[in-house]
Amino acid sequence: MMELVFGDQYSKWQVDTCKVPAACGLSGIISRDGKVLGGNVIIESMRVIHDRGNGLGGGFAGYGIYPEHRDHYALHIMFEGAEGRSACEGMLESELEIEAAEEINTRSVPAIQEAPELRRYFAVPRREKLARESIEPDDFMVRLVMSINTTVPGTFVFSSGKNMGVFKAVGFAEDVGEFFRLEEYNGYTWIGHGRFPTNTPGWWGGAHPFNILDWSVVHNGEISSYGINKRYLEMFGYECTLLTDTEVMAYLFDLLVRKHRLPLEVACSVLAAPFWKDIDSEADPERKALEQALRMTYSSALVNGPFAVIVGYSRGMVGLNDRIKLRPLVAAYKDDYLYVSSEESAIRQICPRPDRVWAPKAGQPVIGELKGDV
Amino acid sequence: MSKAATGREEELKSVTVDATGVYYRELNHRVRELVDEGYREIILDGVNGQRYIGDGLVDDVTIIINGVAGNDLGAFMDGPTVIVNDNAQDGVANTMNSGKIVVRGHAGDVLGYGMRGGKVFVTGDVGYRVGIHMKSYKEQVPVIVAGGRAGDFFGEYMAGGVMVLLGLGEEPPLTGDYLGTGMHGGNIFLRGPVFEDQLGKEVRQFPLDEEDRCFLEGLLEEFAADAGMDLSGVKTDEFSKLSPFSHRPYGNMYCY
Amino acid sequence: MAGSMVTSEFLVEVDHQRCRRCKRCILNCGFGVFDFQNMTTADSSKCVACHRCVVFCPEEAITITRNPLAFKEHPSWEVDRRKAIWKQAQSSGMILTGMGNDLPWLNVFDHLLIDACQVTNPSIDPLREPMELKTFLGRKPDRLEVSADNGGFRLQTEVGNNVELAVPIMFSGMSYGSVSLNVHKSLAIAAEKLGTVMNTGEGGLHPELTPYTDHIIVQCASGRFGVHSDYLNAGVAVEIKIGQGAKPGIGGHLPGEKIGREVSGTRMIPVGTDALSPAPHHDIYSIEDLRQLIYALKEATGYKPVSVKIATVHNVAAIASGIARAGADIIYLDGFRGGTGASPAVIRDHVGIPVEIAIAVVDKQLRSEGIRNLVSIIAAGGIRSSADVAKAIALGADAVGVGTAALIALGCRLCQKCYTGNCSWGIATQRPELTDRLDPDWGAERLVNLINAWSLELKEVLGALGVNAVESLRGNRERLRALGLDSTTMDILDVKPAGR
């Protein structure tokens, strides 16, 4: 088994357990026209559902925030010490062509303490490295991120997509947003998360969103099927070592949509599969064959237990809850905006009079995608 | 893949298939299609090692193979006639139920494993472990005749049926060791004498009776016709007959 | 000189005050213990403690006790060892036995604990909310191609034949010959009612089972008994039996006494001959030969799923990987506790490894090679309860096979004398007066009851785990903890100790 190293406290804890149960509050917004919104909007939404978190983790992901570097992977990395940083930067320099590297701007907020060093890198894989292994750039980046996160002490890549970024910390969501000066970023999609872990190493990397490439997941609930989802993903080279079940969501989306090229809606019906009674009584034989094949082929990717998730990706945002709706999810739209949240109040806070508000059915995804390019 | 059928459709709907370089799965699928289309003679040209020809076929059809037939020729076959105008590899007639396979050449190891009916005629040599666990039931009596020699374990566990080894132009011993080991049914006939030290411990030599001679005569005529050989000289030769002396060879092996 | 030095294992006593001389005990005992001369007498030396007489005595006049005869105790010369030596010194034979391994080896199942939800995720009530046990056995694609058209989605990948089970529990292969036709009928009727499958074992398929062939897997073993084209095409899948948990590496031997007219017809061998199954398939001496037979069977059956049954031996993970790559759709792992109608005790009791370990290493090996989707894993050989089912699935099995448990449901007392053909319960016998005792409808009802009861329990376990489909338990070792296992074994099982 791969040893995960992130400071002494972390390593010791890792020996004893595998994941942290957590419950939470979620909110997300997308402008399908690609209009940009300041990060303060999502902070305001999250502030209303403060009580769903307990101050042990908060975070956001914004899409469209780095238009000037849109063709570069934006790596957000946290360092707990100089040794890790130098090892990590050595790896980055040997593997990537780095266009820019800088500190992530923060402001001092009393509630946010013991911040690690936070830096970002805009980079692409070195061409000769890709050519030598004839590997796709996305796969190259996944492998590099997994490698850094599992081998470099005190170092964690927490965001790795293009023209997007994850910001997260130990604290309440609104404090985390203020700390990261989110109001200074403009994005067409924002998702936010306030965390209520029941056991925690007090680790910044453990906050949501979880990210790989442009997939970002905020999650409420605990995945009872975690053990098999993890082992299934391991067959495809994903290392689940982040002490939380949420990462399997991000990797499952990456596997099913990016690598297996399943349509997003179909991928959602793998994660929250229809019941056999419904498949068996499906009148359309083609649809029945598809649903049966999906459950047979992807049985180990069924995400079981209570969950509501909002998943951000470059083209859009999807909200999904489990197949017997053990976690809340509310959706609304107004004009070209789609909102998804744990509570209606979080939507009403930033959109007082939506055109329509509804509670998505169990296992039915709510998908908002950009109408054109941004 | 298939060429035109012959003009004798009323008598025998025949078709020739060029099997050169065709993967077995495709070839056998094509054979099944042709059988379903009503062809009763299917000639496969350019065969070289394709497996499972005739596998599981149950129809009254003749398959003529020009080339080396691959492993498991006629496995689970139940009815067809297969003629190989060259050698055949291992596993001919594996668990075959009925039908006939004629190999005008040599055949490999484990021929007729678990075979319970039909006939296999091989003009040349056969390999090791031929006729393992052949068994008969009621009117189903499997028969293997080979014109040449055989390897060790000829007729191992044999539970029924008949095996004949002619050793044409050969001097005894015609088989290797462990001849008929574990045999508990059926008969083996070999041209010429058999040496005691070749025999499995469950089998003994018995003299041929009139019924045996009559049976052999008919069988060798059929073999000669199918093989295109003149066996008139063989008829007068002496044969050895091997049979098990118990249907329960292992009754005293256990205590409770 | 005494006839035998081996003293009776049990003592049979008839209470003559209560006995009303109805002679039911004489009729019921398959082993000829009882006789009647003025009063009922019993020959204890023949008693196997199968309880048939006790159950059917209307006056409860019969008691069977363990023979209290004192032996000088010796820790390494247990009484059974001494008895074995006396028997062998007398007969020069191998000690033959029946049913599963009865030595007190560590049972891994009994050292595994199942998780449950408390607060952080909810348990689910299986009595009122959906709980799915449906399982498909066979090869699945690694991924599916799905295209979008007109707002709908279209499947572009062909999924091969699979065997659909309503419950992840099937009946293990037990041949007609080793067990009676009424046992086969009971299993077949129950399999149909339960939506699962039974397995013919290697003795062929009796024509009376034809109505149930949608719920039958047919077996092709080394003896090729009753194997022909119709047979292979009759079932939903074909199983190549390489080995059996109770006797890895050795062949079978159904004694001629059990080959009566009906068994002879099904096996297609003459009445009264021994049915010998060679130790290996003589067309399989290597892994590529297995591939050859797998595809011979697929060609003969229009590509039905092929299962390969092996006994779990030391190198089982690598063997299973080879089987998966050889084209099998299902790997059936039969652990060293698996039952048998007859096996030399030395093999049954000392050869092989537990199925729990085998599931763990096979599942892990197939995952490490990225080929887990190629095959389904069935675990059998020592599945005694729904808890064992749940643990086997959590370790990585797709489904389990039960043989001994099914026979116990039909009345088997585990006397381990199947090879005698005297089974008083009409199970492991071909004597018509004994086989008549097992009514197939009664037997099927008991089997249905048992599996339904286990299914309910399995659903309760899933509900407690907070999942509502069995696939969320499958391979989910995170939901198991070990108690009292050494660290190497836990490492092999990939299960943490309780408390972590």
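Letters A, B and C mark the chains as written, and numbering starts fresh at 1 in each.
Convention: a residue touches a chain if its C-beta (ideal position, glycine included) is under 8 Å from a C-beta of that chain, and two chains touch if they have at least 3 such contacts.
Fair warning: this is a prediction, and the values are worked out from it, not measured in the lab.
Peer 1: Moving only between chains that touch, what is the shortest number of steps from chain A to chain B?
Peer 2: 2
Peer 1: Compare the CA centroid of chain C with every other chain's and tell me the farthest one.
Peer 2: Measuring from the centre of chain C, the most distant chain centre belongs to A.
Peer 1: Going by CA means, which chain is nearest the middle of everything shown?
Peer 2: Answer for the innermost chain: C.
Peer 1: How many angstrom lie between the CA centroids of chain A and chain B, rounded to a whole number?
Peer 2: Result: the chain centres lie 67 Å from each other.
Peer 1: Centroid from C-alpha atoms only, then distance chain B to chain C, rounded to Å. What do you get?
Peer 2: Chain B and chain C have C-alpha centres separated by 37 Å.
Peer 1: Need the CA-centroid distance for the pair chain A / chain C, whole Å please.
Peer 2: About 46 Å, centre to centre.
Peer 1: Quick one: in the complex, what on chain A touches chain C?
Peer 2: 16-18, 21-23, 198, 221-228, 230-232, 234-236, 259-263, 265-266, 273, 275-277, 286-287, 289-290, 292-300, 302, 304-306, 323-324, 326
Peer 1: Residues of chain B touching chain C in their complex?
Peer 2: Going by the criterion above, the answer is residues 24-25, 28, 51-52, 55-56, 58, 71-72, 75-78, 90-91, 94-95, 97, 110, 113-114, 116, 129, 132-133, 135-137, 140, 156-157, 159-160, 182, 184-185, 247-256.
Peer 1: Flag every residue of chain C that touches chain B in the complex, lowest number first.
Peer 2: Listed in rising order, the residues are 87-88, 90-97, 220, 222-224, 227-230, 232-233, 253, 255-256, 264-265, 268-270, 272-274, 276, 278, 282-283, 292-293, 295-297, 299-301, 344, 417, 419-420.
Peer 1: Using the touch definition from the top, list the residues of chain C that touch chain A in their complex.
Peer 2: Touch residues, chain C against chain A: 117, 119-122, 124, 129-130, 132, 134, 136, 140-146, 148, 152-155, 157, 159, 162, 367, 370, 372-373, 465-469, 471-479, 496, 500.
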